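Note that chain A is present in both complexes that follow, paired respectively with chain B and with chain C.
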Partner chain A sequence: MNKLSTRQTILIYLALGVVLIVFLMPIYLIASSSLKPSPIMFQKPPAFLFAPTFEHYQDLFAMRPFGKFILNSLIVALGSTAFSLTIGSLAAYAISRIRHKRMNDVAFWILSMRMFPPIAVVVPYYIIFKTAGLLDTPLALIIVYSTANIPLTVWLMKGFFDEVPIALEEAAAVDGYGLLETFLRVTLPLAAPGLAVSAVFCFIFSWNEFLFALMLTGSEAQTATVAVMSFWSSDAVQWGRIMAGSFIILIPGVIFVLTCQRWLVRGLTMGSVK
Partner chain B sequence: MAYIRKRNRRIFLIFLLPAILVLFLTTIYPMIYAGYLSFRSYDLAKLFVPRVFVGWANYREILSSSEFLHSLVVTFKLMAMTLSVQLVLGVGIALLVVQKLPGMPLARTLLMIPMMISPVIVGLVWLFLYFPELGYLNYFLSLAGIDAIPWISSTNWALWAIAIADIWQWTPFVMMGTAAALQSLSPEPYEAAMIDGNSRWDVFTRVTLPQLKPVLVSLMFLRAIDAFKIYDIIFVLTKGGPGDSTEVLSMFIYRQSFTFWRMGVGAAASFVSLVIIVVLITLFFKSLNRDQTA
Partner chain C sequence: MSAITLHNVVKKYGAVQVVHGVDLDIAEGEFVVLLGPSGCGKTTTLRMVAGLEDVSGGTLSIGGQVVNDVAPKDRGVAMVFQNYALYPHMSVRQNMEFALRPMKLGKAEMDRRIAQTAGILGLDALLERRPAQLSGGQRQRVAMGRAMVRTPKVFLFDEPLSNLDAKLRTQVRWEIGKLHQRLGTTVLYVTHDQVEAMTLADKIVIMRDGHVEQVGTPEEVYAAPKSTFVATFIGSPSMNMIETRATGGRLVADGLSIPVPTRFGDRVKDGQEVTLGIRPIEIQRVAENAPGAMAARVEVTEYLGNEALLDLRVGSHDLMAEVPADQRAAPGETVHVRLNETALHLFDTRSGRSLAQ
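Right, the complex of A and B next:
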């Protein structure tokens, strides 16, 4: 491509500046509002410099057991991640190594399982879990989130296993390793970055999820996303607490983007971009 | 691949089995259950057992109810609104951030943040911006001389309020996919086009867009699948209202099942939504296979 002129460069940076302000402003609003004293929450023009207060964070943990809800979110997210990684990476390894023309169909079938509308299965889940006595338990959410996390893990890990040289596995077989041993000692360590990326994707998805958490939990197993919504009621909206809770909930996702953005393309575009 | 003998293949199938089994039990089985419920009169407010077999009555009811058809229309309207804006904005921003200028990789990274935020939080922060009387959005608009807009309290604007929140969260997805595709394009056709003296716009429409098309088609199908499922943002911002102006299909199912406790009707609507999503998923996979062979 030909060189950009100075004028073009300036225009590009100006446009980019507007784009960045628009897309980052809501995040700045959450962070700043969570630290603003309530009287100036909606002050116009917005106060950029103000004495920050931690009262909303203190209220959040004092007025309601928000700590417990965060712990619930963590239990559910870590549980579903561990379960999905175990089952998903085994399946991904099989799909990556079996040479059969139907294997592609199996991979697509598994992937399609995460694309179904959650609302369409929420009624059956509700009835099934109610019958099984699992309503309002972390286990119910761990099971439900795995339906999205296993397909994602299979999809991501298959890509990583495809890149592990078969020669290394053959050498291990010559050394007398069985298949499971080869997988655990040779292949999986080489695909460790994939495991890390899959783990983070599973964690963030479960941490952020709202619909199932709302429908399938009550006061016991409630997660942070549902709890933060409960500060919203038609007569009094506790914006300070909503913003403080929102800020806590968005931290893992932001850290993920800042540290592993190059994997986002692979994890989100499902093979649209090679 | 000599080491993959018959015996190993059997072990591989054992590796595959748990995933298939779990997905069958947690996804296929509930869908079959939804199918079963859709033929029953299942009123949870009255008795907690599947009651009478009612044949196609639930389907007849929803297909002849204007409320259900309205929710389908709203769903596809919202899909058209969000997808078109995301496509244009996403490609536009991608063209900015792939320029070889300092700071561009950082800008790309920062722009991806919205995608990883919980949709409930996205809903809440936009509610904060739209909030009647207090919200900042109308204040910013007033600085530009635009009159206050009743974002979530007017039937004319509520769907746009939802669309804007979704556009904010998912334009970065189109940007990210397009930027990745742009960076993998080969430079030769560009050099040829430049030598021929075409303008930048001509190069974009005649060289870049045709090459991007397969990727854009797949990205749009993924967005369509997601837009069809949209729920959280609407739940936070409008709950389907005012009136039924933002009642998408998932809100219709939610209200039938959990407000009116008519789970048979909800299940029938769910089944219709499954049929539509299967069509979208099939088209998406077709679009992927086409670029592999192209």
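Right, the complex of A and C next:
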């Protein structure tokens, strides 16, 4: 790579700085508002220096069982992610390895699941889950989110499986391994970056989802995203608590992405064939 | 007992048949080489033995047991792939351990075998490296090591040397030969390089378009080729072929008339079209008046150090002669040569089959 001149370096850092500000500004606003005492919340110009208060956080957990809602969100997001990765990678493996002229149609059909507008199926889902007695349970949300997460996982993982040389699986077969063991010990580890990417997408989608969570849960299985909005009522919007809840909601996502990041390495199959 | 037996083995991909009824018997401890031009079905045959391709017809036995429907993992064979197929996410040691684990040997025995194999192949210093951190030759040795640690009944090799440079190829070829002598395991080895085949094989199987053309020791396929295909495929530079017609006990072609050697007896019929084969080394320069001398014009001379190759024109035929370097001639010169009568090969032109007994 060419060495950059000092001027170019400065310009690049300036541009990066602007981008960073754009992306970090909302997070800063959420964090600072969650710590501002209510009287100065809407002061103009905004107060940059103030004595931080944790009153909103205390209220958040005192007024509603917010810890439970966070736990619900975690159960739903992790559950759907685990389920989608399991089913999705197995399906993707089959699609990647079975040579059949209609296999592309199958893959497209699976992807098409993601194309319908969610609002169109909210009512049918509601009726189905009500009949099945699953309303207001985390399982209902896990199922709904997985119908969106599985197609995505299948598509992502198929690409990664396509990259794993078949010769490696043949070597494992000759070495004495069956189909499942070969998949688990050779193919899947080599597609680990794909698993990490899929996990991030599945987790973030399930964690952030609002519409289905609002419609299909009540007080028991409510998720954090819905719970935060309950501080928005017709007579008052409690911004401090909303901001405190929003900030807490940000944290698990960041931790999850950072954890997955270490699997996002390129060139895992280097040195295998040739 | 035979280690591997193929009886009328057929492979079809849909409607296309690529292996046509191969019969082959490999004895315990034998080093058998499948040799043939590209696309003749060598790899396909080897992969059927490994169990990586279904057998479309016929029977395939390993150690006396029919294995047509036995999964690769239960065949007790080890394979070295052309592209090595090392597990990239495992170190050299882990690659070997992975191959050993299904045998359930226990940690101590696994370590002992890995240490022993690494010693033989000179991999000791590389055990903790990943395949990506190895050179081509080192990867090749790891691939062999991974197959060797299992001490399998049968070794399968698919062109294991084709990704190495010329010098390394000679060295590894020599090592493979040594290993076979030492381990005495049955080997089925695929190559299209006749030098590998000649130097390594106890038995060479020459394939062409999915058929077995000839099976024999290296000496047999060199000295007594059963067809024009084998005759021209084995030997370098390859055998000269001249199309002649048998006329009154002589083989006649433009600029050339040679008595039919008596050892062919009455198998050469008058009027039959006969292809005459002679290796370049069996064409000698002689004096003009020597018996059997033919005049030939030198077209090109290639000097090789000890010997020289002469491109000769006899009548309308091109012949290649290999002569001692001091007997070479300049292009354009006319020389006299004689075909060594005892080294003549005769083939029926129509069928391409040898007319020798």
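Quick notes on this structure:
We take it that the second predicted complex is superposed on the first by the 225 of 274 C-alpha atoms of A that agree within 3 Å, B and C clash if a C-alpha of one lies under 4 Å from a C-alpha of the other, contacts with A are read in each partner's own complex, and residues count from 1 in each chain.
To be clear about the criterion, contacts are C-beta pairs under 8 Å (C-beta built on N, C-alpha and C of every residue); 3 or more make two chains touch, one makes a residue touch a chain.
Only a predicted model underlies this, so the values are computations on that prediction, with no experimental measurement involved.
More chain A residues lie in contact with B than with the other chain of the pair chain B and chain C. Of the two partner chains, neither chain B nor chain C is touched by A:62. Legend: residue contacts after superposition of the two complexes on their common chain; A:257 is shown touching chain B, with no touch to chain C. Contacts of A:168 after superposition: chain C is touched, whereas chain B is not reached. In the superposed model, A:146 makes contact with chain B only, not with chain C. With both structures placed on the common chain, the touch criterion links A:176 to chain C but leaves chain B unconnected.
In the overlay built on the shared chain, the residue A:189 is in contact with chain C alone; chain B does not reach it. Looking at the shared chain after the overlay, A:272 reaches both chain B and chain C. Touch criterion not met for A:10: it reaches neither chain B nor chain C.
Within the superposed three-chain model, A:225 lies in touch with chain B and out of touch with chain C [touch as defined at top]. Chain A residues 170, 173, 268-274 lie at the interface with chain B in one structure and with chain C in the other.
By the touch criterion stated above, chain B contacts chain A in their complex at residues 1-4, 8-9, 11-13, 15-16, 18-20, 22-23, 26-27, 29-31, 33-34, 37, 48, 93, 96-97, 99, 101, 107-122, 124-129, 131, 134-136, 139, 168, 171-173, 176-177, 180-181, 184, 187, 190, 194, 215, 218-219, 222, 225, 228-229, 231-232, 235-236, 249-250, 253-254, 257-258, 263, 266-267, 270-271, 273-274, 277, 280-281, 284-285, 287-288, 291.
Those residues of chain A that touch chain B in the complex are listed here as 1-2, 4, 9, 12-13, 15-16, 19-20, 22-24, 26-27, 29-30, 33, 42, 44-46, 87-88, 90-91, 93-95, 97-99, 106, 108, 110, 112-113, 115-125, 127-128, 130, 143-144, 146-147, 150-151, 154, 166, 169-170, 173, 179-180, 183, 204, 207-211, 214-215, 225, 228-229, 232, 237, 239, 242-243, 246, 249-250, 253-254, 256-258, 261, 264-265, 268-274. By the touch criterion stated above, chain A contacts chain C in their complex at residues 165, 167-168, 170-178, 185-186, 189-190, 267-274.
Residues of chain C touching chain A in their complex: 50-52, 71-75, 77-79, 81, 83-89, 98-99, 101-103, 130-134, 136, 139, 146, 150, 156, 163.
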